[in-house]
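Think of it as A, B, C and D in the order they're written, each chain with its own count starting at 1.
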Amino acid sequence: MSKTLNIGMIGYGFMGRAHSNAYANVNHYFDLPQKVVLKAVCARDREKAQAFADKWGYESVETDWKKLLERKDIDAVDICTPNNLHKEIAIAAAKAGKMILCEKPLAMNVAEGEEMCEAVEKAGVPNIVWYNYRRIPAVSFAKQLIDEGKLGRVFHYRANFLQDWTISADLPQGGAGLWRLDAAAAGSGVTGDLLAHCIDTAIWLNGKINDVTAMTETFIKERTHTATGKVEKVTIDDACLFLCRFANGSLAQFESTRYARGHKALYTFEINGEHASIKWDLHDLHRLQYFDHRDQGNLRGWRSIHVTDGDHPYMSKWWVPGLSIGYECGFVHQVADFVEGIASGKPAGPTFRDALETQKVCDAVLNSAKSGAWTKV
Amino acid sequence: MSKTLNIGMIGYGFMGRAHSNAYANVNHYFDLPQKVVLKAVCARDREKAQAFADKWGYESVETDWKKLLERKDIDAVDICTPNNLHKEIAIAAAKAGKMILCEKPLAMNVAEGEEMCEAVEKAGVPNIVWYNYRRIPAVSFAKQLIDEGKLGRVFHYRANFLQDWTISADLPQGGAGLWRLDAAAAGSGVTGDLLAHCIDTAIWLNGKINDVTAMTETFIKERTHTATGKVEKVTIDDACLFLCRFANGSLAQFESTRYARGHKALYTFEINGEHASIKWDLHDLHRLQYFDHRDQGNLRGWRSIHVTDGDHPYMSKWWVPGLSIGYECGFVHQVADFVEGIASGKPAGPTFRDALETQKVCDAVLNSAKSGAWTKV
Amino acid sequence: MSKTLNIGMIGYGFMGRAHSNAYANVNHYFDLPQKVVLKAVCARDREKAQAFADKWGYESVETDWKKLLERKDIDAVDICTPNNLHKEIAIAAAKAGKMILCEKPLAMNVAEGEEMCEAVEKAGVPNIVWYNYRRIPAVSFAKQLIDEGKLGRVFHYRANFLQDWTISADLPQGGAGLWRLDAAAAGSGVTGDLLAHCIDTAIWLNGKINDVTAMTETFIKERTHTATGKVEKVTIDDACLFLCRFANGSLAQFESTRYARGHKALYTFEINGEHASIKWDLHDLHRLQYFDHRDQGNLRGWRSIHVTDGDHPYMSKWWVPGLSIGYECGFVHQVADFVEGIASGKPAGPTFRDALETQKVCDAVLNSAKSGAWTKV
Amino acid sequence: MSKTLNIGMIGYGFMGRAHSNAYANVNHYFDLPQKVVLKAVCARDREKAQAFADKWGYESVETDWKKLLERKDIDAVDICTPNNLHKEIAIAAAKAGKMILCEKPLAMNVAEGEEMCEAVEKAGVPNIVWYNYRRIPAVSFAKQLIDEGKLGRVFHYRANFLQDWTISADLPQGGAGLWRLDAAAAGSGVTGDLLAHCIDTAIWLNGKINDVTAMTETFIKERTHTATGKVEKVTIDDACLFLCRFANGSLAQFESTRYARGHKALYTFEINGEHASIKWDLHDLHRLQYFDHRDQGNLRGWRSIHVTDGDHPYMSKWWVPGLSIGYECGFVHQVADFVEGIASGKPAGPTFRDALETQKVCDAVLNSAKSGAWTKV
């Protein structure tokens, strides 16, 4: 096993920064069998790519992702391009024998995702998708509690991802920062962007989703497109809500929107079990709310747990109790787990195959919203 | 106009106490054109009825509600029996020319509700249904803000009513305190008991609901019935979730359950408008959460408004800022408004006709849960 | 023992309403050996007194408190006049053999309080002071937890009573609603009005206070006096802070002010014990915050207990879990306990003697604020 | 001006990590005129120092801080040793012409601090003390609001720093991780460790403190000393409370303790002004609570501001609205400001001279706790 894991990253936007931070810092906090090296960053605009490389310490720059894949000094490829490029790059990277860390959602749809899974599995390369919220310590702690059986039979799951940044009708669609409003680049609107996170966490915590009934809405029907300068029809979903049943018999509601005034990035979930319930909220990501019915009756209450102790997931690596860490930690933890997964032979998830399950739910949701019928996943 | 309003109440359970408290206290706090008099309470068991009358100061006792309706000294009849008796009593009371204050939900179903509406409208008697949460000051304040146009175009509405008191499989169904678990007495489970509250508030605040898609579940399939002593099939819905569209174009999710561990009576709603959003929560009923996008950008935040000032609805009648009032206040306020509505000729709502709208949504929800299809209200 | 307890109340201001509500409702909720009767209300202005009597159901009116004391049909006298009248009335009432329910603070100072204690003890009449916050269910529950030993050795106590209603320099002093700003009527400012509540609770929960060091401030030095119409020196303390040691070795800080913008009536206390801590806040009076170090390590957190269950103090008398009661409940509970105390011979506190302890701390605080020295209580 | 700023750090404990993280990441997020280089780390144990250097990317290792000061390739010295070594190293570093970044508190006492100030001022070297909480974005935002005049005249300031990690009598004193319990190494207990933070922020936000009255306590009187293995008297203060007056006329209370069960590192402050109030809490460090009396009357409430927008201090450098950053950010921001201060010639604070003010308050507090008298700062 090499002492280093050399990363080649494609893309340098918001997620490029979040991933770079993880690569640059993971060895400061975690004792890993490999040192992660920021080997190359790839983007079409050489100047911008070089500026990014200088800032984050990438050793080199590429402008053609195919060239990046040819380089022998690259062990792993990080795909943080818009969604419509995931498939092509991932399949090529798999053929080139590279490990792959791919931004979410896995693909534009299930068909693409299937191809991508086959490619990485055929190539036998380690692969992971950046569903970063799994590794916020409070969320990982929720998983631990569920695995320990603390909740008992689960009755209800509910999750929301609420934002408010596209309410203005003056906001254009498409272009650099706004490809998420263009279905051609993004595949869908909030479903792939936000709900996909909720669904990934939900499947991880509560198991398979069987069937769904959904509704979507595009509140602002037309926006200027930055590519054409013309007012064009908006093709994404601004809001998406669905009800579903999990295989374990629990009932759920999911909602995501960019029209919930007052919420910046309010990802919340709550799980109600027979014995205990848990709640989490991205806006206060270092806390887990926990209610245990087994507590002495008159002393029962929701406990606000500040998930910053040494015996909370990942937290022994950071500061001391009471001192919280930020959004970026989820990415650091994912790199740590990915590296350890390579060494141990027990790959860290979510793999492409895991992420395909989320894609299936997303597709079922979008189909149900069109048909108006309950739809099997 | 008589100086007194003489009340005859049928039933003396939980709601009987809440209503009695309202009748006994309303003139202490409100300057009304009539003094409310606790004239008679009616229940089959004379001894229990007498004990109740002694406790609350009812002047007399009846054991047959038909006799109560015959009494000339009774101006208004309060129906707080199980749901399956509402229709018969209400129609008879209307025929007897009595004003009617009826517990919610209005009826067992829309058909019954229609008959009741026709009866009271034909008789021309003042009528109201006890959707008490409208008149919690923070909820009334939400209505005021919406009517003032503070929110602008509404995009989203969401409401939950979460309880956890029926999770134990040992809990029986039917009988005195548990008729709510018996569909024969209650009509439905959480839909009529809890969701009906959420729907009434929602229609009041956000207008008509067009169509719904719903799911229900009965988690515990069989329970001992207190009437028979035998294990019998549970016929009510333990949980009910639905998505819907309002006539104003907003999207919504509603959920109610008695299986959400950690929540005693968590009725919450949130409304997201173009300019502002509001949230409320029965567990902290004296607060309204308010977010206004028109605030200076870097100072925007959810305001936790302690709705206890003299310029908040109803609050000038009570204590001083910072001192909260309890659950029972909603009933007191309803009686005050009912009395003032009689005097002014502008009847306080929700009238039977208003409550029928809620019944229509409940029926559509239950039908959709059976059919699996989107259902028009 | 008489079947009724006939109340004669002197004063009809804010506290007159709060007490009347308690008398009018206590038998609705509590099964007591006596029925409380609103026999007479006494105030100098007959018209206003009569209007108050009509509103609350007092059977008669007096305009001279001495006449009220002479009446044989009065069992108990309620003193809710400004503080400077407490002593004279209480001593006369004791001599007349009346039970006494006196508003807080007990007196203008310790010397007055001593006389009052001697008078009631000599006369052997039941006596109680309206430190109403003891009987908010969450506060009573705190007492129960402490008595059970849940906290272990106590290290810290802190309490605040923060308001913001006198910040405007335009507010006058003296007169009907504003006698609290006039030291001649009130004795002191926030010390007797607000801190006295904090001190009563603290002594009840945590034992005797040994010594104090304090500071006071009058932020607005002059205000128009409503009696004279002239700008006069303000003689009360606008703010008062002190540090102290309890006999049990714990350290404490207390603060009260009417200049804490954003707080209407924020009475809070927190107690930190070896094993557990508790917090309470009048703005959300139905909750108790509880932290228990004996919980499983990674699941420790502050529990937000909604003190509305049947096994919480007083709550079995009211509604169902999740439904909160308001500020006025503390008075209802005090009347219930007072009546039961008479019957059982175990008088409910705080008696005059108990309240004298609070007076002693108040006096020590005011003396320390003047001298700048630590002062023994 | 050199393109790089070469750091030599002395010490490698908890603070060594926090500072190293700042040096390693500051150029990733901030566009600075200099690149910060982790040039050398110094500690007596070469092996541990080397391990630390390997982890964080320090280029070299020293075992004698005097040698570090002699190196010409070191521009700035970072002192993160126990407090009793600050003075000697800082004075030597100043003489060697090094810039200095010194851990807080500045010194063991005012006398030492004076010497240090004179040394850096005579040498003319940039100097700063690590009062890191100033640069948590929400705290910096509080400063901005105050400087803009949002609060108006200030009436009250209150701050607490509550922990609970030394309650167990089994915890030893002295030694590697526990020098903070040994007055010989730490100078004082919570006063220098925790209250110093509160005082620094308070002076920064609210100006000079005039005089204080204080109390301290050592709850556990004896602990095993790790150096001797014997049970020895504990010499530090476990808890310290004080009242004070600021030069601007406002009144304040401060408290710190390691015996507040339930609080890990709860640093809170609240400031009440004529027009507005603000609150902050380290446990939820990304939020600022803000109340503005100028809001429409019935809509006034505490706003919970999620300080993560691009127009909040420092936040444009990080992620997007709603995504919070952690405890470590304060150090990153301090390095950024320090570097910019060098370039601009406007030194970033708190300088040694600024920190001396905090030291003066700490000394006055400890003296007052001994004498029992109000003490001038």
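Simple rule for what comes next: a contact is a pair of C-beta atoms (placed from the backbone, for glycine too) under 8 Å apart; a residue touches a chain by one contact, two chains touch by 3 or more.
Keep in mind that this is a model prediction, so the values were computed, not measured.
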| item | value |
| --- | --- |
| Chains touching both chain A and chain D, listed by label | B, C |
| Farthest chain (mean CA position) relative to chain C | A |
| Rotational angle, Cα trace of chain B fitted to chain D, multiple of 5° | 180 |
| Approximate Å spacing (C-alpha centroids) for the pair chain A, chain C | 55 |
| Distance between chain centroids, defined by C-alpha means - chain A, chain B (Å) | 42 |
| Numbers and ranges of chain A residues touching at least 2 other chains | 263, 300, 302, 306, 309 |
| Touch-based graph of the chains, sorted into line, ring, star, complete or other | complete |
| Chain C residues within the chain B interface of the complex | 14, 17-18, 20-21, 24-25, 27-28, 55-56, 163, 165, 263-266, 282-285, 287, 306, 308-309, 318-329 |
| Touching residues on chain A, where the partner in the complex is chain B | 155-156, 158, 162, 164, 167, 213-215, 217, 219, 239, 241-243, 245, 249, 251, 253, 255, 257, 259-263, 272-277, 291, 293, 300, 302, 372-374 |
| Parts of chain B lying in touch with chain D, wherever the complex brings them together | 141, 145, 288, 290, 292, 295, 297-306, 309, 311-312 |
